[in-house]
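Presented sequentially are two complexes of chain A, the first with chain B as partner and the second with chain C.
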Partner chain A sequence: RIMPVRWSRYNPSYLEPEVKTESHQKPLEELTEEEKEQMDLKAVRPIKAAPATLSSSVFSDPMISKFTNMMMKSGNKVLAKSLMSQTLEAIKRKQLEKYHKAPENEKETIECNPYVIFHQALKNCQPIIGLSSITRGGKTYQVPVPLTDNRKRFLAMKWLITECRENKHRRTLMPEKLSQELLLAFSNEGPVIKKKHVLHKMAEANRAYAHFRWW
Partner chain B sequence: TLRLVCTTTAVQRKNAGASGPEKYTEAFIKKQIEEFNLGKRHLANMMGEDPETFTQEDIDRAIAYLFPSGLFDKQARPLMKHPTEVFPEQRKIQWGEDGRPFHFLFYTGKQSYYSLMHETYEKLLNVQKHQDQLIAQDLPLPNEKRNLAGNRWLTKIELEEMLVEKVSDEDYSRFIRLLQKLVALPCTDIEEKYIQKFSKEVPAQLQKVVIEPLQYDEQGVAFSTGEGKRKTASATAVVYDNGTGKITVNGIDILHYFPVLQDREQLLFPFQFLGRIGKHDMVCTVSGGGRSAQAGAIRLASAKALRSFVTEKEVEFMRQAGLLTDDPRVKERKKPGQEGPRRKFTWKKR
Partner chain C sequence: QLDRGCALHTAARGGLSSVCSQDVPAERPRAVFHTSESDPAKHTEQHEGRLYNIPLEEVKAVFPHGLPYRFQQQIRTFNEARVMVRRPALELLACLKGSNLAHPAVRYVIYGERGTGKTMTLCHVVHYCSRQGWLVLHIPDAHLWVKNCKELLQSSYKKDRLDQPLQASVWLKNFKSSNERFLQEIKTQKKYMWGKQESTEEGRPLGEVVEQGLARVRSASDAVGVVLRELKQQSHRGSFRLLVAVDGVNALWGRTSLRKEDKSPVSPEELTLVHNLRKMVRNDWSGGAIVTTLSQTGSLFRPSLAYTPQELLGKEGFDALDPFVPIPVPNYSPKEFESCYGYYLERKWLQHEKAHTEDGKAELQFLSGSNPRQLDRLAGPL
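Up next, the complex of A and B:
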């Protein structure tokens, strides 16, 4: 069913654009039934214009753009983008330092690609289960609840950003602190991972109320 | 009593079906049609044209000439149309002289809707019986799939017009779900005719736009132009072939005009998508809007220009990537009683 989102300037029949070149270069035989139906549908329906943050170049990553938008304050995308690139540069520099200092046999285990580190760190920070407050008979209980993918990603990014903004020494800049946090999260240490474990423990403690969930 | 002549559009409403007891008797409408035809012949005579071949367009032009009106609302101007277009379709009286209704579902309130659902369900049962018969005889079931993407169901307004009765949203969705269930069964060939009454063809592909052929300038270099708009910024782009990949905006190189990386990425997006980064030269002019809007406008203009250089399939891929659609998003207006388009004033307790 087509449900318009609050109200958007597009007609509800408009579909989302797909930017990746690989999906267009696939030959017809390899597509499954569903994909063929999708293709037929796309051929008939109008498609929304691609937003300015989306591009088919190798350097644009949807996760990185989402994270940059969350870091942005008052619409200052230029500053947020530059902070992000400085963070990635800082990660690369630290990893290269470690790489050149490490002995021969450990050189292969050190990851130098900042994008891989970013994705892995975010994955490690994502909680599996969350808490939701439900009021029953006057008392509010914290009930453990499964989270959707979007919510998990949002929580991981939110925790990282709040962590970097608050718990730092006055003189350290955002890129440095962020790169530190990302490297710690990549190796499953650090305050953000601790926060995730705390949330999991709370959910385990409130396991008794799990039956309050009705969805 | 008022004499309702077909020169006003006072009763032009979108939904058909009487919202109350019948306002116009059949005899009245017949009289209106006779008057309309007579009036048409008189008008043709007045304008000096042939009464036999006087079309609706001629009538409109004649009325606009004889009764010039400066009113802004087109629907308030004098108009002469056939009575069936002016008066909405109405049901005749549904009950006989003794007061007994004709249709057996009259007392449900929505007789045509329920009779339609009844018929459709009968067809569904028919199809199921046919299917069972085929299984009993061990014959193979025909497995042809209808082209789902090429057709669409009737909209609610079209259904209302068909039934001459108001249909609510829930009723409409219930009817559509029943139709979908009917279509999902394998042996629907028997009821094809019935289903075709309720489905309409969608124009095969949205490639209604004509692709202009390439133009050649003095040195024999192929080029093509495109125009794009985004949020108050408008741009025109001229894309030349056999180039080195230089892009000039308003006479300035893009590196100086767009210091932000994101804008330059947007400019190169269509070229990178087609894999033609070093092959084309571009000269564009842009005015209005802000930094991001100008970049979006140039992107649209260059994508439109590139259509002439590329095969039809690639044009379709560009359209599916969202490169060829005009972005309709504009700044939302500020509303009275609020500080901005969405932000309300600070709530003060006292």
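Up next, the complex of A and C:
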């Protein structure tokens, strides 16, 4: 059997599963007209199977799940999830130790929430403009090109993971190295931010070929 | 500091002049799940579910080894050591307070499912005894003595026994740092020969035996045996009270994962450390108590869901430890869960925004099943 990867083989009549607990717990009177219609539709139409990554937990975060999936090797999600949780705990411990040792006036500037640090670090690592190779007259030129949001997020996560896998000492573990890189990226330092700046400079240097882009 | 207790406390609740009136939350909501009573002797049922503070210098003096690794990390992060007062520990303390030291030593076995707080209960009792001035013989994990041993020497004392110099010297170092005072006062009662030239005369302080064991690592296991023997013989005199605290006592009667040079398996009797410890855990001496913990997590060749004494000790161990006082340790009660959750919130350990809500708390309680270890693991990344 061929499993569909990109385009869904479901009949269009199938509806998406609803995971949020709040929408199920609303009493009948509070529903608006559209929501009542939606509920009647759900009683009749079939519903798609919920993927294993979809969770109703209040602590689930789509960015963290995407990052965990990218870190996963040969389908070992258990290991990837445990590495991610150890990373978040390591970030929290480092920041809390700094927090407790800092004097009173500096305490507000130190961010202790590992999720805030993760999101901000990823945002800092995202490039604004990328390069794409276009062949004209036998020669390939690197043309500066705008990137979509998905591509930016993917590039940031990919750079972080490759940086942590390659440039570390043989004995350091992934959570420790990742937490180090995330804290550096949070304060706009570190090798991943440098890589983003190098890409921006290359795009600026190749400005002359920007007219090769036709989209 | 650790002053010597003068009289035995009685277990009568009315007799204790408790300072519980101080704990009534007056100034800050912090006091609801904390208690300012840092002396375990004064803990009663009013303090159940509350966390008490151990000053960091005392932690270094009383627990050179023996605290779980996650708890040590927590002490480093929060800069304080807070232990929860729970009902099994209170029962044990009441039994110890009311025990008659002229009778043979009573054995207590703390058992429970994985991650319910057996080692922390043991540490609470060890803290109480060191506060009362007892001599504490704390073996942090007996499983470390029966597995992963790099060096096994043949014992010079008995032909068919095997020595473990590394484990013995590590334990002697920690024992010395926690019981310095006693080592000067207790004197040996027999002359001991270490090899052909060195010997310890009769009447020398026990500290010399420990020094000998640390200096000559080859005879460290024999030094441990000598220390245990002397303490057992002299405890009935009443000059000091002895507490034998063993974590993971089921290691003494199971199987080992060690092999001799001809690849034949080693049984626990053939190890000097285990042999001497088995003699210590027998109740043929008086003047103290024996508190032990069963542990499946480090045990060898035992099913992972086993937690009762019968399953973990096997027939041989059960017969050796019988009769004992069993002390089951359950998961957190709702009140204990509330106080643990409140402590994490107050120390800023739970950073996720949703963790402060009711939904987050309900989810944590459901996912962990009120198991202390699961709650700690779940609250780590949050």
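The rule we apply is simple: the second predicted complex is superposed on the first by the 170 of 215 C-alpha atoms of A that agree within 3 Å, B and C clash if a C-alpha of one lies under 4 Å from a C-alpha of the other, contacts with A are read in each partner's own complex, and residues count from 1 in each chain.
We take it that a contact is a pair of C-beta atoms (placed from the backbone, for glycine too) under 8 Å apart; a residue touches a chain by one contact, two chains touch by 3 or more.
Source: prediction; values computed, not measured.
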Which superposed partner A:E35 touches (first chain B, second chain C, both, neither): neither
Touching partner for A:R45 - first (chain B), second (chain C), both, neither: first
Touched partner set for A:K77, first chain B, second chain C, both or neither: first
Residues of chain A touched, compared between chain B and chain C (which is higher): B
Touching partner for A:E204 - first (chain B), second (chain C), both, neither: neither
Chain B versus chain C as contact partner of A:L96, first or second or both or neither: second
Partner chain(s) touched by A:Y115 [first = chain B, second = chain C, both, neither]: second
Chain B versus chain C as contact partner of A:S57, first or second or both or neither: both
Residues of chain A that lie at the interface with chain B and also at the interface with chain C: 21, 57, 59
Residues of chain A touching chain B in the complex: 9-10, 17-19, 21, 24, 37, 40-50, 52-57, 59-60, 77-78, 81
Complex interface listing, chain B residues touching chain A: 147-150, 202-206, 260-262, 265-266, 268-269, 272-273, 275, 292, 295-296, 300, 316-317, 319-323, 325-330
List of chain C residues in touch with chain A within their complex: 73, 76-79, 348-349, 351-355, 357, 359-360, 363, 380-382
Residues of chain A touching chain C in the complex: 21, 57-59, 84-86, 88-89, 92-93, 96-97, 99-100, 112-115
